Structure formats: structure tokens, C-alpha cells
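In the two assemblies presented below, subunit A is common to both, partnered first by subunit B and then by subunit C.
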Partner chain A sequence: MLRYAIGRLLLVIPTIFGMVVLAFFMLRALPGDPATAILGEFATPQALERLRSSLRLDEPLLSQFYHYVTGMMTGDWGRSALTRKPAMAEVMSVVMPSMALAFASIFVAIVIGIPVGVLSAVKQGTGIDYLLVALTIIGISFPVFWLGLITIVVFAHTIPLFPAVGAGAPGSLLSQTHALVLPAIVLGSGGAAYIARLTRSSMLEVMNQDYILVARAMGISESRILFVYAMRSALPAILSVIGVTFAVSIGNAILVEVVFARPGLGSLIIKATFSRDYQLLQAGLLMLAVSVVLVNFVIDLLYPIIDPRLRR
Partner chain B sequence: MTVSLDNGPVVAMPAWKRWMRSPYARHTGFLVGAGITVLFVFVALIGPFIAPYDPLATDLQNVLQPPGGEHLLGTDRYGRDIASRLLWGAQASLFVALAVGSLSLLFGVILGTLAGFVGGWTDRIMLAVINILLAFPGFLLALAFVAIRGSTLTNVILAVTLAYTPRVAIVMRAVVLNIRPRQFIEASFAVGVSTPTMIWKHVLPNCLPPVIVVATVSAAFAILAEAGLSFLGLGVQPPAPTWGNVITDGRPFLISDPWISISAGACIAVVVTGLNLLGDGVRDTLDPFLRNQTGARALK
Partner chain C sequence: MIRSTLLCRGLLRLKLPAAALALGAIVSLAPAIELARAYAEENDVLRIRIGSDVISFDPHRPSTIENTSVAVHVYDGLFGYDLTDMSIEPRLAESHSVSEDGLVYTIKLREGVMFHGGYGEMTAHDVKFSFERVMDPEAPSPWAKEFDGMTIDVEDDHTVVLTLARPNANFLHSLSSRNQALILSRKAIEEMGEDWITNPIGTGAYEFSAWRPGDRVVLAANDDYFRGRPAIDRLELVLIPEETSAEIALLNREIDVFFALQGPEIIERLEANAEINVSQRPALISCHLVLNTTVPPLDNVLVRRAMAHAVNRESLVENFFRGTKVLTSTPLTPEYVEYTDDVPQYPYDPDKARELLAEAGFADGFDFRYITVALSPYDQFPVVVSDDLSRVGIRVDLTVMERATYGAARASGTLPSATTCPSNSPNPDTLLRALVHSDGFPPGVNTARYAGADALLDAARAKQDPDKRSKLYHEAQRQIMADVPTIPLYADRLFTATHSGVEGVMTSAAFWVDAYGATVNR
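Now for the complex of A and B:
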């Protein structure tokens, strides 16, 4: 188990390093001069020169890369061009609402997705199954921001149950949770559809196994077969799709944050993009990418816990 | 006693009859998906000719007209005809979907074949790079690309292609690894078939179907991503008539005039559902062992 965990951790490090490298070259691949891009076309040559030397743009690429990587490692993620604050601090200040949204949406996706998938598998070939299969395929095909706009109209305007925008009053957990409901459901709906589809197919696969037949022959109750014996075999596959769902949600969260005007990494990234604040943009993107890698690492650690065959 | 092996004269079945007997003809989802996709392509091709108005023509006398009457789906805040904008928008969406689908298919197949066929260190390095790209959420990668390189149609297409090529490549690699040890490949090596010929004639035809499924999914994702980027103001710039732009145009009037955003979003939802149904249908009728490989990874 420990060896497995260390092995997984050793895979996380090169992945994150690869992302850092990718982010570096993506930003350096900018057409033209980054300094001009940041300061605009009418900047004075002196200002451009100063910015270039502060961003180390006048040094050779390899030296830039060295300083960039060592900076990343020691927590120096550059400074926001707009606020002059360290980019890492800016990112960290909005990380909480973003993570709350991401985890709430995963919670919604699991709580809806798994029961729907199991029900669909149990009722295979019936009207309920067809309805659920149709709903799940529609669920993965909706533009998430459009669903957000519609829920705002319906559940914040026509029936004013939830606030349309914002993340709730600071300091008030109740108000924050209240404001989280709609965005979490909107963001979680796509994930619920993915999870339901995969739960259905892996449950169907498991239910055809001989050991389920034996369990039935032994007269074990159907619900026990389903939730104790079948579920246990289907869980690793479901767990892997939860990891994928988290990654999709992180991407879609940007859209949901903008729709609901929530503070968070997505809103920060969009703001940074429009103000050409590339240091901040880079920090925000890396933070999201790293969170995906870390969550997948945690999921990797869960596999041997739910699947004894992996404990060697 | 002799056993007759003669089943009567062999008559070639007409193509349509053969098709009627194929599993596709009995797959409701596939039929619905194929129907929607064909309709979408048709509308996108003839859209500009049947559009009743110029999609860019403003008419400030008739802003925010409700659906019905002179304007079938009403007008937006500049008096532009929504129906015409949606018809033109279908073309943009089709172009994005086709471009991303075929480009990610092309690059993914080349990279996947290379990794799977050459093996060794080439494979290991390519797999590492692919895994890093896969760890990035697709939409995030697309957004980063467009944010840095600028919002043009070409960049949107390149961005989504960049996000989806690794997904095609990883499936292609898996299928190639599966095909490579088969006897017919060994046999063609034995009779001296050159490697390019073998890849072209024996490997590709056997690998393409599952990879095409992923490309279909990437085309569907491309339509969603284009709309999402337009919504953020990073897609094809307004006033170009794209479905994403129409949703964004309608956003300030959601409460008073919701039809603008709703009609455009419905177009996207229907077309993407169609493409996903099509992909699912093809996957369901293929070898079931491929189901998990294309499923979990490719849908990301």
C-alpha cells in the first residue's frame, strides 16, 4: 500500500512539472513581444525596457526557464501586472469558493449519478431505463452555461428560491451554502450524467457474472446482491469516472462562475485574460491543473481501499 | 449419407438490404443521432440560402421582437433576425465540428499509430506527454490557448484540436497495440509487406471505427467549447453569427426576452445530443471490449 502510494506520488511530480513546462512555453509562444502585449502599443521604450528586465525577457530562454522553474518551486509565481500583488496570493484568495463549488458539484454528481445508473441497470430494457438513458445523453450534451442561465431565470426569478448571483455573505456559512445550491446543481448535472452512464454499463457487466448468479441461487436478497456484492465490483470503474468528472467540472466551473458571477479561479482567469495579466493567468491555470492532478492522486489512493485485488 | 453444404446460389444482397440487417438499423439511438446529424449538416449547408434576413442587418425600428409574425424567432437588441443568425450560425458550428473532428482524427491517428507501432522509448515519451495533456481539463486547455493566442476562428479550432488530439491518440495507440500481435500482421510481415503499406492496408482499416467514435465526441465537444468560449467573450468575435454569440447577445434580456438565448442553446443541445447518440450507437455495435477504452478516457 505504501509502495503503491509512493509510486503514484512519483507520477504526480513529473505531471505537474510537465504542466509547468507547458505553461511556460505556451506563454513564451506568444506572437510578438510579451512586454508590448502587457503594456499596449503606445508604451514608452523605457517602460518596455523596464518591464522586460523585470520579467527577465531580455535574458536567454534557458535562463528564463531556470528562473521560472525555481520560482515556481519556491512559491514565487510572479506578480499580477494589474495589482502588483504576488500572483500566488491572488490565486489563493479565491481558491476557497472555487473548491467549494467543485466539491459540491462532485457531491451532486455522485448523489444523483450512482442511484440513477443503478436504477437504469436494474430496469434494463424497460421504459424507465430508456427514459434515464435518454436523459443522461441529453445531460452530457447541454451547454453548461446555458443550463445556468435557464436555472437563474426559473429558480432565481420566476420562483425566487435562490440568489441569482454571488457567493453569499462573507462569514455566513448558511448564506454561502444557499448561494452554492444552484451553481453546484448546474455544474454537477453533466457529471451526474457521466457517472450514471458509466454506473449503468459497469453494473450491467457485473450483474452478468457467475458469482451474482450464485448469490441469487443462495437466496440472498436482491438489494443485498445489488448494493453489497455487485456495487463493490462496479466501484473502481465508477471511481475512475469520478476523477474524469472532476477534471471536466474544473473546466466547466469557469463558465458556471461567470454565469453566477461567483468569485473564484474561473472569474480570476477571465479577468486576467481581458486585462492581459499573463502572470496571473498563468498562476490561475496552473492552480486549476494542479488541483486536477491532486484529486486524481487521491482517487488513485482510494483504488486499493475499495478493491482488495490491488492491495499487493 | 451425404451432408449437403449447398445453400443454393449465392446472390449478392443489395446494399440497402444488407444495411437493414446491420445492427445499426436496429439501434434507435444511432438512427436518431444519424438523423439529427444529417439534418444539421443539411441545414448548415443551405442555411445561408434560406435565411430570410441578413444575419448582420440591424433594424432599430424592430428591436427585441417576440417570436412569430415577421420574424420567426424574433429579433435581438439591434433588431437582427434570430432565425437568420441561427441558420448562419449552423454553418460556423458545422465548420468548427468538422475541422476539429478531422484534425484531431488525423493527428491522433498519426501519433497513436507511431506510439503503438514503434514502441520502446518513442512510445514511453509520447505516452508521458499525452498523459500530461490529458491531465489538463479539455476546456481549460482550449481556454488557455485562445486566451494567449487571441480569439479567432482558427485559434478556437486549433485550441479544441489540441485538447482532443491526445484523446484520439491514446485510443488509437490502444487499438494498434491490440492489433499488432495478431496473426495477420505477422503473416503480412512474413510475406514481405512494407511497413507503410501494412499500416495503411491492414492496421488502419481495423483501427478506425473506435477512433472515429472519439472523433465524433470531439466534434460534439468542439461545438460546446466554441459556444462556451464565445460566451466568455473569447470565441469568434461578435457580431459574427455563431450560436454561442446569440446566447451571449440574449443574456442581458434573459428575464424579459428569454427566447433569444433559449433558441440558440436549444440548437446546440439538439446537435450535440445527435452527435453523442451517433457516437454511442457506433460504439455499441462495435466490439464490446473497446467500450471501456473509448468510454472513460474519451469523454473527458
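Now for the complex of A and C:
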């Protein structure tokens, strides 16, 4: 188990490094001049030159990359070219609301997705099953943006239960949690639908196995068969879809952030992209990559726990 | 995982649909709404919606609506605009005199004006420092042209002498702008280095308190403000990009002021709401289809005139924008004192357009690349304009570019056309010089590469007599509209919705919001 964990961890490092390299060179392949994007179209040639040299944009690509990587190793992420704030400080200021949203939406996805999937598998072929399958199709196909606006209109205005915008008062966990409910439900709904569909099919597959038949023949109670024998075999597949859902959630979070006016990594990255703010963009992308990689690392560690066959 | 398994089990046993469970969870959170209400009902706070994040607290950098809206509260200039009629009034200046040749401005500063945060009294040295900072060719300020090579001399701590390189009758405008004219604290910048940008120090009615990127800027009342302490203790500029969300936030009183709203449907809905006041004022921004006068066939004035006749601007304003914009006959908007309607007119007339095209030798039309930027509404209305153009036989290839790509492409000066809404200063010279004077050649926004009105614009700037100056601006507008380097599609209007009980929030025709005189009565 320890060897497995170490092996997985060792894979994390090249993954993140690969991501850093990719991000660096892809950003530089974007059309548009960062200096003009930052200083505007009336900037003097001298000011543009000076900004380019302060950002090392006038150096060869490889030299820029060298400075970037060595800076990163020593914890120096540079300053956002646009705001002149240290890039990592700006990223860290939006990481908490972003992570809170991502994890809350995964929680919503699991809490709704797994029971719905199990119920739908157990009731296979009945009206309930068809209803739930239809609901999951709706859940997958509703655009997040639209769903977000509808949710705001209904649950922040018609029935004023939650705030329409913002991430809550800083320093107040209660207020932040309160402001998190609607965005988490909206962002989690798509994931819930995926998880429900996958749970349903995994459960159906397992339920047709011989050992379930044997368990039934031995008179074991139906709920024990479902949750102890069947669920356990279905979990690895469900777990892997949770990892994917997390990555998708973080990507979709930009839409939720815009609708609910929440600060977050998604909006930060978009803002940095529009203004070609490489330093900020690199710090933001790295944070994003690290969080996705770490979540998948944790999921990798969970596999052998839930599936004894993987421990060997 | 264990938790959700338990949930499943409970669910199966009770045979409850999942929806009921979710609903239960939501209802059990209902008391939390009290929290939101309490948060929204503080009396000493005014929350104003902004649509994009603030980029910089350095007012000398390129301005955005949001940057300026922060800057007007934190900083002050020697002069400023009275927002009711956009007339110029002294602020940090107490009085001024101009030499007869119009070149030397002697400005007496108000005494005892203190910078925020204990950075001492504002003096003539801060003025010199601030203006030289703008004029430094290496500085990141695009506004150096506004000061046009002037020299700054400190006579004593409270007197500064500005000597212009050539007469500029619009110079008081240049000293009133909310960009280059704002006065920074020399001491603060020298002590803090780069960090001052996120800890701005000014003399304004509000002190900078906090910036949470992606969320809001918080400002606190300046007890020592020289024009008197503002009534509201705290100002929050809240970022809400999506207008529908902002609308609900306003109705819920999560914000008090919905600044710069655009959506015609939202304007109509809020106007119908008794709890909301929607104010509007004509603005100083005009939006253009700029035609590159050096690229065939656009180098032919007949072709440009034909295109102006082909575009149904009345319909664009009335139907697409549902009357939320206004028509303008020149690059200036009717809001400028120097505006005139007495210029060559291009009413919608497709037959005339076809005739002109035929006369120019393009009876079968031509291929035209219409270039615009991926920002609402500039990625939408060009579709309508393209349709108009195609009706007279012009084959339009509409290209929508991502923001930074567009900026760089436009600055290259090689684009055949561009969608441009130039700077929003009450100074007519700023707008016209940027859009249709050779000073604005790319990397500026004169992508038309039009210089036909240079002489008139330079003469107008130098003329001290206001009436004669206005006449020269009229002449310049006639010349520009005869040559049509750009088709002025519409002039903007600024809409602001406030919750009832909020009084005194002022907006500028140049698109910023000023809450200095605001009061809230909830």
C-alpha cells in the first residue's frame, strides 16, 4: 500500500511539471501582444519596450522559461503585469472560494447522484426508473448558466432563501456557507446526473453477477446484498467518475462564478487571458492543475481501500 | 462515502423521493436568510455594482469605467467636473490665472489638504511629481499627449506654474480629467515602491480600505476631506458581471446602485418597478464603424459615403437597442457643447448607396472585412450592420476577435475596418484627436489613418475665444463627415438604477459613478 502511494505520488510531480511546460509554451503561442494589452493602444513605444523588458518578453523563449522555472522553485511567481500585485498572492485570494465551491459541488453530486443511481437500478424498468433516468438526462443537458439564473430568480428572489450574488462576508463561515448553497447545487447538478447514470449501470452490471444470486439464495437481506456486496464492487467505477467530475466542475466553475458573481480561479484565469497577463495566468493555471492532480491522487489512494483486489 | 451510503439506505427504507430530501435541506436553511437580510441592511454602507473587475488603482494608467469609478473617490485633481452640467470647477486648486498668450497657467493650491494615511499635506511638489510621472515617456501612462510637453515649476508649496509648449484652449479639461489630472502622493509612492498600487493614497472623499480581486473594492469615508466628510461611512464597489444577477441583487437590496446597465429588457423591467429609480443621461461616447482610408476600395470616398447611406442607424437604435442609445451625426455626441448637426448627412437610403457604389465602379459590390471585438454588445450589433451592408451588394466577412488579439491587431494599423468607441472625455479634442487626427495613428485608434481634419483640429485647440473655437470644431466635423473616415453608428447613454431611498448618487457623462454626495435611507 505504501509503495503504491509513493508510486502515485511520484507520478504527480512529472504531471505537474508537464502541465507547467505546456501552459508556458501554449500561452506564448497566443496571438496578441501582452505589452499592448496591458498598457493600451496609446502607450508610447518606450513604455512598451520597458514593460517588455521588465517582463523579460524581449528575451528568447528558452531564457524566459528558465527564469520562470527557477523563480517558481524559489517561490517567486513574479507580479501580475496588470495589477502589479504578487501573482501568487492574487491567486491565493481566490483559491478558498474556488475550492469551497468545487468540493461543495462534488458533495452535492455524490449525495444526489449515488442514491438516485441506486434507486433507479433497484427499480429497473419501473416508472421510478424511467423518471429518474429522464431527470438525469435533463441534469446533464441543462446549461449551467441558464440553470444558475433560474435558481437565482426562484431561490434568491421569488422565495428569498439565499443571497443572489457574492461569496458571503469575509470572516463569517456561516455567511460564506449560506452563499455557497445555490452555486454548489447548480454546479453539482451536472455531476450528480453523471454519477447517477454511472451508479445505475454499475449497479445493474453487478446485480446480475452470480455471487449476488448466491447471496440471495443464502437468504441474506436485500439491503445487505445491495450495500455490502453490490455497492462495493460498483464503487471503483463511481469513484473514477468523481475524479473526472471534479476536473469538469473546476472548468465549469467560471460560468457559475459569473452568474453568482463569486470570486474564483475560473474568472481570474479568464481575466488574465484577456489581458495576456502571463504571470497571473501561469500561477492560476498551476493552482488549477495542482488541485485536479491532488484530488485524483487522493482518489487513486482510495481505490485499494475500497477494492481489496488492488492491494496486491 | 459512508455518509452517502447511509443516506441511500434511509432513502430506500422510507421510499422518499430524492427531491423531498433536497427540499427539506433547503427549508431547514431558511433561518439563514435572516443573516443575508441583516448583512444587506447596514445603514452606513452603499453598495454599487460594477460590471468588470478593477484593474489598477493607478489613475494614470489606461482607464476603464471601473478604475475611474474608484479613482474619483480616492483621488482629486486640481480641477474637476460638476457632474450636473459637466462644467469645470476648482478642487485642489483655489484659483488660477492664465497669461495673455494662453501659455502660462499659474495655479494657487488650496492649503491644508491632507493625503490619506498620514502622508502629509498635498503641496505643489506632489503636483509636479504627478504630472511629470504622466509625461515620462517610459511611464505606463497613455495620457502624456494631454500635457503636450508642458513644463512644471514649483513657485512655492502652494503655487505651481504650468507652461505649455503651444496654446491649448482645452487645457483646463486636461487638468480636470479623472485620469492624468489626478494628484498622487509623492511620499507614498517613494516609500512604498510598487506596493503603492494596491495601497493607493490620495486626497479624495474616501480612503482605500480593501480590494478583494474578483469580488469588491471597499472604501472608507475620509473624515478630513476638504469638501466635507461624506455622509456614508463605507462604499463598496461590488463586481457582478452578469446583468440579470445584478438585477435580482438590486431587487433583493444586496446592492443599492446598479451602475451602467445595458440590457434594454432589464432597463424596461426596472423602470416598471416602483421601488427602483432608473436615471439616464446622454454620454460622451460614440461608437463607430471605422473605415481604413488607405485600403482599396475604402480609399474611395464614394464607397465610404455609400456605406454610410447603406446602414440603417435609426433602426439600429430603435429596434436593436430599443431606444437605449441615441443617433449622432458626427464623431462627437450631441452632449458635447461643440457638437453640430450642420454636417453632411447620410440618411438610410439603399438606392443612393447602390448609385454611389456604381459611380465608384463597384456596381457589383465588393468584399469587405468587418472587424469587431468579442465584447457585448460589439459582437452583436455588427451583425445587423453587416446585414444592411449586404443589402446594397457589399459582401461582408464579419470577423469577431478575442479582446487582446483585437487590441494588438487594431494597434498594428493594418485592419481594413474596426469597431471603436473612443475615449470618453468631456474634452472634444481628446476624442477627435484619438479617432480622426494623425496623432491617433496606430498604435492609437485612428485605424482610418485619416488626417484630413488635422489643420482644423489644431487650429481649434489653439483658439482661446470659445465661440471661435466652437466654429472651428463645427468646421472640423463638417470636413470629417464629408470624408467619412468612420461611420458614427450611435451615441451612448448611461443608465443607472438605484433603490428607492438612495439619493445623490451622481453619474458622469464620461461614464463614472460618484457617490460623494449620496445618502441612504432604508
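We take it that the second predicted complex is superposed on the first by the 302 of 312 C-alpha atoms of A that agree within 3 Å, B and C clash if a C-alpha of one lies under 4 Å from a C-alpha of the other, contacts with A are read in each partner's own complex, and residues count from 1 in each chain.
The working rule: a residue touches a chain if its C-beta (ideal position, glycine included) is under 8 Å from a C-beta of that chain, and two chains touch if they have at least 3 such contacts.
Predicted, not measured: the structure shown is a model, and the values here were computed from it.
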item	value
Fit-or-clash call for subunit B and subunit C when the two complexes are aligned on subunit A	clash
Contacts of A:V214 with subunit B and subunit C, given as first, second, both or neither	neither
Touched subunit A residues, subunit B compared with subunit C	C
Which superposed partner A:R79 touches (first subunit B, second subunit C, both, neither)	second
Which superposed partner A:L149 touches (first subunit B, second subunit C, both, neither)	both
Partner chain(s) touched by A:M1 [first = subunit B, second = subunit C, both, neither]	neither
Subunit B versus subunit C as contact partner of A:L9, first or second or both or neither	neither
Subunit B versus subunit C as contact partner of A:Y194, first or second or both or neither	first
First, second, both or neither for A:H157, with subunit B first and subunit C second	both
Contacts of A:V181 with subunit B and subunit C, given as first, second, both or neither	second
First, second, both or neither for A:A167, with subunit B first and subunit C second	second
Subunit B collision site on subunit C, chosen from 98-106, 134-142 or 314-322, when both complexes are overlaid on chain A	314-322
Touching both subunit C and subunit B, counted on subunit A across the two superposed complexes	30-31, 149, 152-153, 157, 258, 273-274
Residues of subunit C touching subunit A in the complex	1, 3-5, 7-9, 11-13, 18, 22, 26, 29-30, 32-33, 35-36, 39, 53, 55-56, 61-62, 137-145, 194, 197-198, 212-215, 238-242, 244-246, 248-249, 251-252, 254-255, 402-405, 407-411, 434, 442-445
Footprint of subunit B on subunit A - complex, ascending	14-15, 18-19, 22-23, 26-27, 29-31, 133, 137-138, 140-146, 149-150, 152-153, 157, 194, 197-198, 201, 237, 240-241, 244, 247-248, 250-252, 254-255, 258, 269-270, 273-274, 278, 281, 285, 288-289, 292-293, 296
Touch list for subunit B against partner subunit A, complex	29, 128-129, 131-133, 135-140, 143-145, 147-150, 220, 224, 227-228, 231-234, 244, 247, 251, 254-255, 258, 261-262, 265, 268-269, 272-273, 275-277, 280, 291-292, 295-297, 299-300
Residues on subunit A engaged by subunit C in the complex (per definition of touch)	30-34, 36-44, 46-47, 50-51, 79, 82-85, 90, 93-94, 110-112, 114-116, 118-119, 122, 149, 152-153, 155-157, 160-167, 169-170, 174-175, 178, 181, 223, 226-227, 231, 235, 257-264, 267-268, 271, 273-276, 306
